[in-house]
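For reference, the structure I am asking about is given below.
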Amino acid sequence: MGFEEMTTTSKTQIGHFFEDFRVGQEIPHATPRTLTEGDVSLYIALYGSRFAINSSLEFARALGLPNAPADDALVFHLVLGKTVPDISLNAIANLGYASGRFGVPLYPGDTLSAASRVLGLRQNKDAKTGVVYVRSIGRNQRGEMVLDYCRWVMVRKRDPAAPAPEPLVPEFPEAVAGSELSVPPLLDLRGYDRTLAGSPYLWEDYEVGERIDHVDGLTIEEADHMLATRLYQNTARVHFNQHAEKDGRFGRRIVYGGHIISLARSLSFNGLGNAFKLVAINGGRHVAPSFAGDTIYAWSEVLDKTTLPGHEDVGVLRIRTVATKDRPGHDFPFKDAEGRYDPAVVLDFDYQVLIPRRGDA
Amino acid sequence: MGFEEMTTTSKTQIGHFFEDFRVGQEIPHATPRTLTEGDVSLYIALYGSRFAINSSLEFARALGLPNAPADDALVFHLVLGKTVPDISLNAIANLGYASGRFGVPLYPGDTLSAASRVLGLRQNKDAKTGVVYVRSIGRNQRGEMVLDYCRWVMVRKRDPAAPAPEPLVPEFPEAVAGSELSVPPLLDLRGYDRTLAGSPYLWEDYEVGERIDHVDGLTIEEADHMLATRLYQNTARVHFNQHAEKDGRFGRRIVYGGHIISLARSLSFNGLGNAFKLVAINGGRHVAPSFAGDTIYAWSEVLDKTTLPGHEDVGVLRIRTVATKDRPGHDFPFKDAEGRYDPAVVLDFDYQVLIPRRGDA
Amino acid sequence: MGFEEMTTTSKTQIGHFFEDFRVGQEIPHATPRTLTEGDVSLYIALYGSRFAINSSLEFARALGLPNAPADDALVFHLVLGKTVPDISLNAIANLGYASGRFGVPLYPGDTLSAASRVLGLRQNKDAKTGVVYVRSIGRNQRGEMVLDYCRWVMVRKRDPAAPAPEPLVPEFPEAVAGSELSVPPLLDLRGYDRTLAGSPYLWEDYEVGERIDHVDGLTIEEADHMLATRLYQNTARVHFNQHAEKDGRFGRRIVYGGHIISLARSLSFNGLGNAFKLVAINGGRHVAPSFAGDTIYAWSEVLDKTTLPGHEDVGVLRIRTVATKDRPGHDFPFKDAEGRYDPAVVLDFDYQVLIPRRGDA
């Protein structure tokens, strides 16, 4: 909508600056993307994910689905990647996520598109930057919602003298309400095979407050995180350009924060193996940057357990997964008495998952 | 045709030498290759390409195509890869390309085969090497031409005493003529959506002589370029074997030149986002080798603008894209007054692209 | 079957220890896996494999098959990967393979599952470890055998005081008998095109005792071997966690032994280009570990030549392929007079392949 002209030099897009955004602005994002089996294979190769529903057509069919759906974190990355050129190319920091809901599953052959709306703006006191709050929605080729989430980023101003907008900071719920959670329509967990899934533990086996060390660690390579981030068509420069980053804040390329989410989710299989589907992202924070050479560990805490009316076969766990670097999670590193994160923590991710119920009623 | 016997030790193929080639010789290449969605995903992961026509089945269908076609550069690499064991295994240098024309699009499920004809030969003065000129044609499973291009390489002689062939140096046109350009038969650009494509600029918006800095840089990793080059089943040894290359000319593995073409093409999206299809390769030169750790930048110049009779909806741009390493392109580094390339230049690529016309007639 | 409870801390699986295994125990493995075209593309990108039957739908159809089957080594890795969480998570060493038979081909869209049976157990004298012998079978979604092989691994005891089981060491044949080899039912080699396949040599051209240097070398990167091993959903920790391995036996991540098998198989194309299908694994030994930075070379010896009753168009070669690191294979490094392996040898792999016969009878 004439938005582009402001933010190009000759024909090159250099991204939007804080003063380019308006509350209420609708931004359709470029590059629709057909999910393919190639994406699914690459996702497994990048993270070693073992959730059977994403790995096996037959397992998914036994649950009533037409095909193995894409891993929910892959969907998240594809949607976020589309928003980058319009929202966060000039972002200094990806501050947080909230109100994330997964809708219909995305299957190979489906095409994902995304659009965002500006929910809020708040200029920082230094007048050089501001926080942009957006709600981004990814839809399939039938217009069905696949993912709907909010995030906020700190964005540079092009001109520090540009007037500050009226501040508007949206309020987000602490957690997505159960009534807003979406269970895939055809899903029938009577065919769920725990032996094939690789974990004996169901909804009834988890207790609020329970902590689980996911034990394993995965070391990040430059090639890994760049392959992943390019797969998502995420163009944020800090991930790719060592020539520029050598003079940047950290002297090196920064790993896309979502790469850590996927590493943590994949590690969480060991202990949460039947938590087969993300349904909500309550909140998330990239506490510290990660770099190639870091080894990522993760642990989780069960924050809440709920059921869904009309769904006897499935329950919901609210989980906090904390990822650390170069520090195993056996003693659950998190925050100190003053609320400061342990220096090893890189991710604090609060989300909701579906998990089968024992159904021994 | 009995060509192999000359150039094997026991059963191992060690490639052909300059004196093995004859003008007019026809060389069918091995390893037919079915393009799959896996190749397409890997291509995106390797280069972060964002041209919507290659990324979205729905976008391609809206243009009348049956599916999202493979990126033209991927097709180029697959054809070139097939020629390597027969043409350039003993090549010292990949000297140039000319007269390249893309034919029918290659879709997932199509199978590509390739064959070459020797167009010319010229022994060098040192009598140790010579230049081999070949025309290589890639075809799909129906025998339809997918890519037809010429290249020339400098190849070692096995025996310096072998007699020199009659020199024959083919002449190539400066650019492929408009009458030889192929527009995909079903293509109808009335459904072209610039918002989804990610760029507002059409054929009318570009001027001859205009230069565009593509801004971003991508750092090459050893794993990246080797994954790419193996995907193309390109067996040229200098790309893969550090144990041998540590004692070679550069002390390290050399990045496949085509990898730089794809990086530059992907970077060029920022400024040429609607240049959705390569139709010709007029010429190309790998000016200097690239290595892991190099950061590739690119800039482009519009060399010419033409229309195609009978195609009101699409125009042609002739583009020169120059890739540099560890040097941004904002001041368009190219050649000095004596015609010597700037030391940062690694690729000088002259090609033609289709781009939608405004159709405001 | 209640096996898991013994070997978890809270909900985390930490793998089985020597005293957890019982002779005759049946262990179904988790994570069924649908093979996709994405896996096939990644396999090519990881190893540069050029066997036409795995690369081209059309080539495979010309041989009577419905599609291009997965590379047999890929099938091997997928089956082995499934066994790791149950069998070898606490393994110190992967000691050997025997009695491996490939059954029906695995095609894109097929779903692979695996189960193992404990064949034998023998505690070591140190009472801290023991050897576990298992037979693992991979099946497709119709329950048809895809791969059936035996391997043995050295596994730690949880408690050195746990009583030693009655020792039982299974005997394996030196080589899989011809009567047990499986030729794909629809295979008809009359359509086999040697030019497309890339090698002129057929069964008749090989002699027992013949040695072939495969010439080329491939350097391993950390990102490569981790991508591969995660693709196979193989969770063995030593491959992925530099933070832990820096204090381990070698100070670094160890490359999955199967990665070396695939590198060697891919290199063997140069000299064994028509050996299009593995039908048996007679034996295999990972002689020494490999690490990122190593360059792998390979050479092969023809150990035996046999025919198959009722199959006039195909013969069998028994091959030993030896992989070395940082040492070319032109002088066939293997064992010294005392039977000790050359220090460069990393793999000694004894297997059987199908190769077309000339059929000039």
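Brief remarks follow.
Going in written order, the chains are labelled A, B and C, and every chain counts its residues from 1.
Here, a residue touches a chain if its C-beta (ideal position, glycine included) is under 8 Å from a C-beta of that chain, and two chains touch if they have at least 3 such contacts.
No experiment lies behind these values; they were computed from the predicted model shown.
With chains as nodes and touching pairs as edges, the resulting graph is complete, every pair of chains being joined.
Rotation angle relating subunit A to subunit B: 120°, from a CA superposition, given to the nearest 5. Where subunit B touches subunit C, under half of the residue numbers in use are shared by the two copies, so each contributes mostly different positions. The mean-CA centres of subunit B and subunit C are about 36 angstrom from one another, to the nearest whole unit. Multi-chain contact residues, meaning those touching two or more other chains, occur in subunit C at positions 36-39, 41-42, 221-223, 227. Subunit B meets subunit C in the complex at residues 4-5, 9-14, 28, 30-34, 36-39, 41-42, 85, 108-109, 111, 113, 141, 221-223, 226-231, 233-235, 237, 240-244, 253. Of all the residues in subunit A, the ones that touch subunit C in their complex are 36-42, 44-50, 52, 55-59, 68, 195-201, 205-206, 210-219, 221-224, 227, 270-273, 293, 295, 326.
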